[in-house]
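A, B and C are the chain letters, set down in written order, and residue numbers restart from 1 in every chain.
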Amino acid sequence: MTILTAKDIISGYTKVDILYNVNIKVEQGQIVSIIGPNGAGKSTLLKTIFGILKPRHGKVELKGEDITGLKPDKIVQKGISYVPQVDNVFPSLTIRENLEMGAFIRNDDYSGRIEDIYTLFPVLKDKSNQKASQLSGGQRQMVAMGRALMLDPGLLLLDEPSAGLAPRLVSMIFEKIIEINASGVAMIIVEQNAREALKMADHGYVLAMGKNVLDDTGEALLTSEEVGRLYLGG
Amino acid sequence: MEFAGILAYLVSLAIMAGIYAVFCLGLNIQWGYTGLFNIGIAGFFCIGAYTSAMITSPMPTGTYAHYVHQLFGLNLPFVFGLIGAASICGIVAFFIGFATLRLGDDYLAIATLGIAETFRLIFNNEQWLANGPRGLMGLPQPLAGLVDPKNYNYIYLVIVIVILILIYLLIEQAIRSPWGRVLRSIREDEISAAMSGKNVLRFKIQALVFGAMIMGVGGALYAHYTKAISPDVFTPLYGTFIIWVMLMAGGSGNNKGAILGAFLIWGMWIGTKFMTDLLPYTLKARAPYIRFLLIGILLEFILIYRPQGILGEEKKVSKLIE
Amino acid sequence: MAELIVYGIVLGSIISLGAIGLTLVYGIIRFANFAHGDLMSAGAYIALFITSVALPWTGLPHTTFGPFSFGWEMVIAFPVSMLIVGGVAIGLDQILYQKLRNKNSNAVIMAMSSLGASFIIRMIILILWGSDFFFYRPGVLRPAIEFPLGIKIRPDQILILFIVFLLITGLHLFLKMTKMGKAMRATADNMELAKVSGIDTEKIIIWTWCIGGALAAAGGILYGIDVQLHPAMGWNFLIPLFAATILGTIGNMYGALIGGLIIGISQQVSTAFIMPTYKPAVAFVIMILILLFRPKGLFSGGKE
């Protein structure tokens, strides 16, 4: 079943358009990776899907329901969560408080969910009462993902989860992403680290200059000569 | 009121409006063209007025000296008063700008507010400086010997208008120069102005100083018009707030708008006085507050519904950019 | 000198109440609220209205209240005035600042709007009460209690410290323990991320105004109890409030508390050397020194 489609999206900032008629589709339980050079509009696409930016044209549908132009706080309620690339934790809040903020719109008891997150990222449990500002980059990324998972979303949007991390941490984060996906969460991942992103992707999209260039299964893109030459560095 | 009386009244109204227009032009350089939020205009008003007063009046002598204290009295011509007022205001502005403009827009606002209140306190408390709360009186007026004192206001109106026009032309010249273009680019986008190699801080300080010097001239013009000044004149209401409303009403970033706003709001201010004169006697003492309340509400309306003011910003950049 | 320091702590605790509200608003909505001092005045005068007009009108007899200078009416007037001013602050936000926010006006325009609001509040006070001084209970002066070191403290002043302590502890618990309090801190940290997390930031803004306004009202009333009421009291507090806020690092509630105490003590101790009328200038000088030498305040670094 298709859970998300973005059709003919034209979007960008107040004065400049970044995306021109971009289309993507996410099926239930899939990991969809979006790769492409800097400035291709990958992050802009995520922001548009999540309602941070309003598209000038096009439609975003979640399980057939039109969610184009809804604000982020409404989209969250529909079961999509988003992890920004930078500034993705609340630095003066403790780790536990960060997770609680992820569950802000829940009025039931979510302590079990916090335990789930601690099971996924055991290191966070020990630092539960530390401020997020005191964490390392990798731990911050875990807190950010944990916060986004608090609502048990059907779809998770990740903007460059490996940016700025040491190689050892990168592979750890990617393992966690696969683990999260295995629990049934569909994902759209925007990545600079194209090879890794395609390896775990069910489907991949290549964007350049704000346009769809290619799309195929992750494996097919990985082995494609064109993709290899242009986007995977040989 | 007979015709001559009405005319004299209009002349006095026009003089005050003209003086306020000078302040609006000064503020327009700071806010309209550079985006600097100065809410201590009253401070520059105050320093300008006192400086010019002491430069142009003689040091009190004889028994008079027992009652009036002032730091200095140079007995120089009016023009020196203007120059002195502008210079001292410029120096004060430089120091404020140096301390706060590195930091952010709000800091300048808070610092200018503080400096205005502090100067008022100093002039109020320090007898030796400028006679404390009683202030200075009997200030000389330029060209006073030419006509019957009764008709002097006509001469002063001409002086105010000539100075207003000179300042207007000076600012227009400055704003159209490369210097003015840099100011506007800073206001529009400080970061890209800095990236194109402009020393943003220096330009901001220059704009603050330039505007403050003009405010100093305004203060001097006021002192020699009323011939008497005391610290309680330079309140945030009459010295700062109303000038902001004038500029916002007329159109910030537009010198004609600044002048129009001054005349319009001062006209309204006087006009509402006639209205509140109709109030019952018991309310009359509080009438000025009602009028200021209306001016405050007017400002809020302008900010929400017509932030560009009546005239809006004049486009000074070449049309190609649009 | 010891006595001046104690008086400074009393004054400082009042400044802190205002500064905490100012810093909360600054931290979340990111603009300098120049109407904050006048919210303090509004609180003081609303309490005056309740104690001197509204409650006497009910015909209940006036009695004094313990060893304090005011009557039982204040026990009702104090929380009611806090609530009303909280509402006034929300009202100003909804009528003025929210419209500007929605138009993406910059922070300076909002600050200007708040400057306008401050004049509007002051003019309303002047229209209703005139420019005279007022006391909550004219003529009642309770004897001061003598402490070691020759410190004389009035019961009122002890009560002021106690109330400030209660309010700040309450706020601390609210921010640390409740969901809304945590969401307020989160929004102050990073409003974009708060929105992304599904936090209704407009609601947070309303809470912030309400708390800021209520604390300002409390500060204003306490000052009225300690000293007197005057229409310009709030305006005169503005420089000390900003000085305390900047001193304690903008957005940092605990910094504002310490900053307020430092400013209050400095102001009172300065009266031993210079004229008391220079108190606002003392706050101003401290603020300029901070801006020159440590512009981010004493407590920067805790937040990234």
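By our rule, a contact is a pair of C-beta atoms (placed from the backbone, for glycine too) under 8 Å apart; a residue touches a chain by one contact, two chains touch by 3 or more.
Quantities reported herein were computed from a predicted structural model and do not represent experimental measurements.
The touch graph of the protein chains shown is a line.
The most centrally placed chain, judged by C-alpha centroids, is C. The interface with the largest number of contacting C-beta pairs joins chains B-C. Separation between the centroids of subunit A and subunit B, computed from CA atoms only, is 55 Å. One finds 43 Å separating the Cα centroids of subunit A and subunit C. If you average the CA atoms of subunit B and of subunit C, the two centres end up 31 Å from each other. Of all residues in subunit A, those touching subunit C in their complex are 50, 52, 71-73, 76-77, 82, 84, 87-93, 97-98, 100-102, 104-105, 133, 147, 151.
Residues of subunit B touching subunit C in their complex: 35, 37, 39, 99-100, 102-103, 105-107, 109-111, 113-115, 117-118, 121-122, 124-125, 236-237, 241, 244, 248, 285-286, 289-290, 292-293, 295-297, 299-300, 303-304, 307.
Contact residues of subunit C toward subunit B in the complex are 31-32, 34, 96, 99-100, 103, 105, 107-109, 111-113, 115-117, 119-120, 123-124, 126-127, 130, 235-236, 238-239, 242, 246, 275, 277-278, 280-281, 283-284, 287-288, 291-292, 295.
Note for the complex: subunit C touches subunit A at residues 179, 182-183, 185-186, 188-190, 192-201, 302-304.
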